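Residue numbering begins at 1 within each chain, and the chains themselves are lettered A, B, C, D, E and F in the order written.
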Amino acid sequence: MVDTVWIIKRPADFPEADMLEENDMLILIQDAVLRVPYFDNWLAVEEDVKARNIKLPEDKLISYEDVIDIIEKAEKVIVW
Amino acid sequence: MKLLFIMVSNPYSNDFNSLVKFAEASLSRGHETNIFFMGNGLYSIVREEIKALAEKGAKIYYCAHNAEQRKIKPESWAESSSMYGLSKLIGEVDKVLIFD
Amino acid sequence: MAKKKLTVVIRSNPFSWKTFEALRQAVGSAMNHEVSVIFMRDAVYSLTDWNPKLIGIEPFDKSISALGMMDAKVYVEEEALRERGINIKDWGIDINIEPKDEICEIIKSSEVVLTW
Amino acid sequence: MKLLFIMVSNPYSNDFNSLVKFAEASLSRGHETNIFFMGNGLYSIVREEIKALAEKGAKIYYCAHNAEQRKIKPESWAESSSMYGLSKLIGEVDKVLIFD
Amino acid sequence: MAKKKLTVVIRSNPFSWKTFEALRQAVGSAMNHEVSVIFMRDAVYSLTDWNPKLIGIEPFDKSISALGMMDAKVYVEEEALRERGINIKDWGIDINIEPKDEICEIIKSSEVVLTW
Amino acid sequence: MVDTVWIIKRPADFPEADMLEENDMLILIQDAVLRVPYFDNWLAVEEDVKARNIKLPEDKLISYEDVIDIIEKAEKVIVW
């Protein structure tokens, strides 16, 4: 169960550490896929990763539909 | 669920692509999908991709004040609204994503 | 329609039309929701005594007043003010200068967060 | 001198203000003042300030391809051009300032 | 009309329409001028083997080919590639990888510089 | 006599030190007025400074017309 889903758009523009809770999830889209966060709970949108020819672990890649499913089950979503 | 996307970003930006992909994914999962255009986001309302989303069932709203200011005349499938209209929408949906 | 705890977070683009639009959104939302507006990072410049008209931008004083009348709360990040060595002007409403961790708590306790 | 300003920036940006102020200053000093709109800069061509600059003697050009792509129809005081037209202008002026 | 030493400097916004427009400008200019195109800082990502269509952006391969045919020069900042740990793809034309100080010299020796 | 006039728009986004010559001039406009450069030869546009309520030495402030005059006499101009 995810508390807050953070959608991250810019490289390394992650929420301040104080804002993140253990059950939060970072989802990287757009150019944010260029930098991996120092926070274990993250995933990246496969299309945005592949478009930029960036290599990330396969088990970290999800589709836009997957993001919608995660948002549906989460308590809230913040596009950061 | 009911989803609301607020589009404020500049035209021809990465946010436009994200908006379209998120809205398509939301529709494909059968969710009620609302998109509200305001500020510089208004410029994107005339793009074909948005019309296609409307045809697939997305509800499209825009801030009439921003449209007039920018001399943009949205087509009839888009509903004229206001900041108060946006506020009411926020009260009716489950989740809100803003692209700015 | 549900009344929600809604927070508008303004982080960048001081001296711009963006802030004007963000505050218009906050005012519209304050009619139905419990609204907080947070100015953090570079956005804190927006609350100084600057002069938008000189650079072709519409002033947002009326929006700030409206937020005050509708009991919306306005917060500024204390660290961001200190790092930039600036003071905010008297906008005629209560503006709460809060440390970053307090700002984080407000964001965490919100149901809807709109970032600018 | 002959000055050329190239406007590519997003609408309602600080660059719009700078462009207008620079162009006004250039005209007030009696310089030949050309403004070329391309990319997202096209959105600004419909603003009153640009029309006012044209009336004061600034020559306004735009990339027809970008205008069509963005469904913008500039008024008749603006001259339809292309990247090749821009290139020729660059060859004819003394200084070029790009706002992007 | 004077033929000029013209340099287009692309510094930011990789994976965007901006690069597409900048290269269109460079191609148009190469018909009349001695054109150099410089990719520096984050813009070096634009020359990797990325896939613009996946994110709704038109590919600029034709512009790069055209620059090659018109004898325009294309330069990439060596340090920017190294810092990011990336390689550029084979675009079918000569792309010169140059250290930053060489890039600076090209800019200094230009008559017209267009930054993106 | 100014060689290159550099028009600076963003705070601290100055040209690399290698690019600047002794006779170059930096002119700060827009949000660039928020940070003073480590290069003596700079001026700032008064309107952009006053709009942002920034305090800079009066002798560093010029008008847009002044900028046009400087550009006219300079060898070249680069909007950085």
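In this section, a contact is a pair of C-beta atoms (placed from the backbone, for glycine too) under 8 Å apart; a residue touches a chain by one contact, two chains touch by 3 or more.
Keep in mind the model is a prediction, meaning the values are calculated, not measured.
If you take subunit B and subunit C together, the chains in touch with both are A, D.
The fewest steps needed to get from subunit E to subunit F, moving only between touching chains, is 1. For the interfaces D-F and A-E, the C-beta contact count is higher for D-F. Subunit B and subunit E have CA centres that are 35 Å apart.
One finds 40 Å separating the Cα centroids of subunit A and subunit F. Distance between chain centres (mean CA atoms), subunit C to subunit F: 31 Å. In subunit E, the residues that touch at least two other chains are 15, 17, 55, 112, 115.
Multi-chain contact residues of subunit D (touching two or more other chains): 12, 14, 17, 39, 96, 98, 100. For subunit A, residues that reach two or more other chains under the stated contact definition are 30-31, 47-48, 76, 79. Interfaces, counted as pairs of touching chains, are A-B, A-C, A-E, B-C, B-D, B-E, C-D, C-F, D-E, D-F, E-F. Those residues of subunit C whose C-beta lies close enough to touch subunit B in the complex are 1-4, 6, 17-18, 21, 24-25, 27-33, 112, 114-116.
The touching residues of subunit A, when paired with subunit C in their complex, are 4, 16, 18-19, 21, 76, 78-80. On the subunit E side of its complex with subunit B, the touching residues are 15-17, 55-57.
Per the touch definition, subunit D reaches subunit F in the complex via residues 1, 3, 14-15, 17-18, 21-22, 24-26, 28-29, 31, 94-100. Residues of subunit A touching subunit B in their complex: 7, 9, 29-31, 47-48, 63-65, 67-69, 71-72, 76-77, 79.
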